[in-house]
Amino acid sequence: MSTFASQFLKQARVMTADLRHRKIIRTALTNYEIVRDKRKGAFQSWESARQAAAETKWEAVNHLDKYLVELVSKLEARGTKVHWASTGAQASEIILQIVRDKQARSVIKSKSMTSEEVHLNAALEKAGLEVVESDLGEFIMQLRDEPPYHIVFPSMHLTRGEIKDLFQRELGDAPSDSPEELTMVARRALRKKYLTADIGFTGANFAIAETGMISITENEGNARLTSALPKTMVSLLGIEKVLPRLEDLALFLPMLATAGTGQALTCYNTMYGGPRQPGESDGPEEFHVILLDNHRTELLADAEQRDALHCIRCGACLNACPIFRNVGGHTYATTYSGPIGSVITPHLRGLQDWKHLSNASSLCGGCTEACPVKIDLHHHLLQNRRNAATEEPAFFERSLYQIFGFVANRPALWAVAKKLGRFGQPLQNLVKGTALDPAKAWTQTRDLPPMPKESFKDWWQKRKG
Amino acid sequence: MKNEETVLSEREKILARVREALKIPAHVPGAHGTAPLPASAHSPAADARSWLPKVGDSFAEQLALFQSTAAELKAEVQMVASRDAVKAALAKMASDGNWKRIATHKGELTDFATADLGLPICRTEGGYDVQEMEACDAGITECDALVAQTGSVLVTSLSAGGRGLSVLPPHHVVIARREQLVADLPAAFALVQKKYAPHFPSMISFITGPSRTGDIERILVLGAHGPKKLTILCF
Amino acid sequence: MTITLFIPCFVDALFPRAGISMVQLLEGLGHKVVCPEEISCCGQPPFNSGYWGEARPVAAKVLEQLKDAEAVVIGSGSCGAMVKKFYPELFAGKPQEELAKKIAARTWEFSDFIVSKLGVTDFGAKFPHKVTFHDGCHGLRELDIKKSPRALLAKVQGLQLVEMAEAETCCGFGGTFAAKFPMISTAMGDVKCASAAETGAEYIVSNDSSCLMHLQGLLTRQGKPLKTIHLAEVLNQR
């Protein structure tokens, strides 16, 4: 077992026993489900919208070379500087180079999971820069020195009391535990940072090939400020973010909001097509867009799972996932958690090290059902299992299934096995749930049904006479 | 900056990997094992109007939808009878809100509406001092459109005085004409295309209610980073 | 018609009464029922664990046994999904691919067969209890079966169906998942049981015995009064 797998098991044991934590997540997500369902219901046809979104993404991803070239030429035509990064380290280095060129001291960031993926903050801090996360949830997590708990709701596992204590400790400012007052504390603290930051850094939710724009979806206005005030703006995005046409956003913006937060549209949906243009009153003098591969082309090469690149990072599959809800976001120890994380992490960071995430699923399909772009998530988990077992079969497990197959295909042996089971059960009952119990993974928390004297087949054969 | 050559080569390397990967076709999502879809000139999203939330056909229905949706989002919509009434409404807002200083941009409606307020004005055209704008009580802008379907205000860096004006001051006041109301998001994007293509403003933004967050226990708080108040003054 | 009834391995060994009920119900409708004795298991345990090579011989034997069947009825949504949806995938590019597709098209989950294929909902059953229904995930999401079991329950005299908030949430069984990640499986089962208990029901009814085995195991261990029963057994109560 990989060390990541044993870490996962250990953490899962801790988290599933933490009933308080499970209740917090459950309450938050139950509220989310109510508003999301209301918004889905407002669509004339959510199902047709999903299909269209899936097909649009399919078109974009399956002609990615064409749309990337179009995107870049349109961006460059308006004075945007485009960079390409094959790896996370290269992306960080490009940003550090911009920092050096600008002699920048501070960076204000709006929410970006891609920057988490490339560990940008660590790289910038190592270079002596002040880096401030401006999204409230990300700001909270940065103060806690922890990665985001959830790709859309970074601090959903914390109570207001915990946030109050955190602000008191780190900012010396927490008048009460009211969410309103705590939000205002953060607003005041971050305003100062905006006014002085040298570089504004953002991610992107979409990129539009047709018009050469990136699109950012947010609620707080922090990305708007990040792209308005600093003299230099830098946006990092995965190459899979591209959409063919501007009008596609008419579909994707409301779908992202509906699936992500249960809103009809988030508060700010903004398209950026370049640095400050002649005749405009503000905006950055320079706009840099960094297109990141970082193993995305490997996922692209897997035609079976290519649709995982359709992901719009809405978080709906995490919210629907009973595994996520019971073990929590940090247990995954990955940038992208939940079903989509379990699907793509093996591609991004190694199948054998991360296959346990694909095993840690009941394959219930709740994720696939929730996904607004119809990614076949739970079947990809199954395919990851198959790929892992084919590449490096576990000796014990494979032998077990070989024996199983041998017995299953010989009805007489199968009947003997059933008999053995029935006579073995009283013995097993003596050690039920203890280390000696061969079925202890089951019996520690659950009883096994008593095996009846007569199996169905016994009955059937007797009846036939 | 890295020299041109490496920049180019990283681009070529990535594109080459993309092209190599795409040699094997992929199935259409959701359709287990069916044939690949051909590339199409027709955007699947082009029919969005038939799936998105319904919007009535008449202007009256659309206006009513805009008002109720915006109100639900905690934006304030004031429908007034005339340009002059806009002026009066703004003056009242200024005195009720005890405004000391406002920020605005050059524009037919903004110039007219703010002319007699008698307050110091931070203007954005040609550039402005950020600290000064930050100290303003309200930012007053025009817009490109109002979207009935979502209760949104569509602004751009050209129509609304740049990027900062609509988010930096604590109260954003939008002055709009009734004719600026469009039915839905597809109509709004069509308007952007028609009005600006190919010289798009560097920022195009749909503002849907005042700034908000739910990051603390998923409880709604207004004014996270942007304005706490959004008023749409429509005549 | 002649119905080939595929009784899943765990129903055969652990819940024979569910299987017997299915036979009696189908025969009661005037059909001839055959149960291929050579079939032990659909091969799902190795398949779901990723050991497709080990699953294929088991599945191939099932295909062989079913090849002349007029209609295949499977007494579990999970094994139903295996035959109907995953066999064609398991044998993609293999000699049995066509056979797998052919059989998949003729395969039905038990409750859906009765309602959608036979058009029957009323067995004249009596079960004077308050129950809640658990949708097994494979039946629900792979085979899209939601209405059929409810249509059948609606005709049972004295039965009161109360839907639970988490009706569509996975119970946490998940086959080998239950043994590989017992703590997560148990936590999920607890969520399910709590939601079922909230309805005030006496029974959790399902068309999947494997889910019920897991839930009953938890309920018994925790000394909870809530009981579980297979849909076929409910329909077979007079």
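Chains: A, B and C, in written order; residue numbering restarts at 1 for each.
Keep this in mind: a residue touches a chain if its C-beta (ideal position, glycine included) is under 8 Å from a C-beta of that chain, and two chains touch if they have at least 3 such contacts.
Computed from a prediction, not measured in an experiment: that's the story for all the values here.
Asks: Please indicate which chain is farthest from chain A, where distance is taken between mean Cα coordinates of the chains.
Replies: Between chain A and the rest, the longest centre separation is with C.
Asks: Could you see whether A-C or A-B has the larger number of C-beta contact pairs?
Replies: By number of C-beta pairs in contact, A-B is the larger.
Asks: Going by C-alpha centres, which chain is most central here?
Replies: Centre-most chain by C-alpha means: A.
Asks: Take the average of all CA coordinates in chain B, do the same for chain C, and state the distance between these two points in whole angstrom.
Replies: 51
Asks: Could you please state the distance in Å, as a whole number, between where the Cα atoms of chain A are centred and where those of chain C are centred?
Replies: So the centroids are 32 Å from each other.
Asks: Chain A to chain B: how many Å between their CA centres?
Replies: 27
Asks: Where does chain B touch two or more other chains at once, residue-wise?
Replies: Within chain B, residues 32 contact more than one other chain.
Asks: Spell out the residues on chain A that touch chain C in their complex, using ranges where they run on.
Replies: Of all residues in chain A, those touching chain C are 9, 12-13, 16-17, 22, 26, 322-323, 325-327, 359-366, 368-369, 382, 384-390, 393, 397-398, 401-402, 404-405, 407-409, 411, 414, 418, 421, 441-442, 444-449, 451-452, 454-461.
Asks: Which positions of chain C touch chain A when the two form their complex?
Replies: Within the complex, chain C contacts chain A at residues 7, 9, 11-17, 19-20, 23, 35, 37-38, 40-41, 43, 45-46, 48-55, 57-58, 61, 137-138, 140-142, 168-170, 172-175, 177-189, 191, 213-214, 216-218, 220-221.
Asks: Using the touch definition from the top, list the residues of chain A that touch chain B in their complex.
Replies: Touch list, chain A to chain B: 28, 31-32, 42-46, 48-59, 61-65, 68-69, 72, 78, 83-86, 90, 94, 97, 101, 134-137, 140, 153-156, 158-160, 163, 179-180, 182-184, 186-187, 190-191, 195, 211, 213, 219-222, 224-225, 227-229, 239, 244-254, 261, 263-277, 279-283, 287, 291, 293, 297-298, 300-301, 303-304, 306-307, 310, 373-376, 379.
Asks: Where on chain B is chain A touching in the complex?
Replies: Against chain A, chain B makes touches at 1-2, 7, 10-11, 13-15, 17-22, 24-30, 32, 36-37, 39-40, 43-48, 50-54, 69, 105, 124-128, 130-131, 134, 149-152, 157-158, 161-168, 184-186, 188-190, 192-193, 197-198, 200-219, 221, 223-227.
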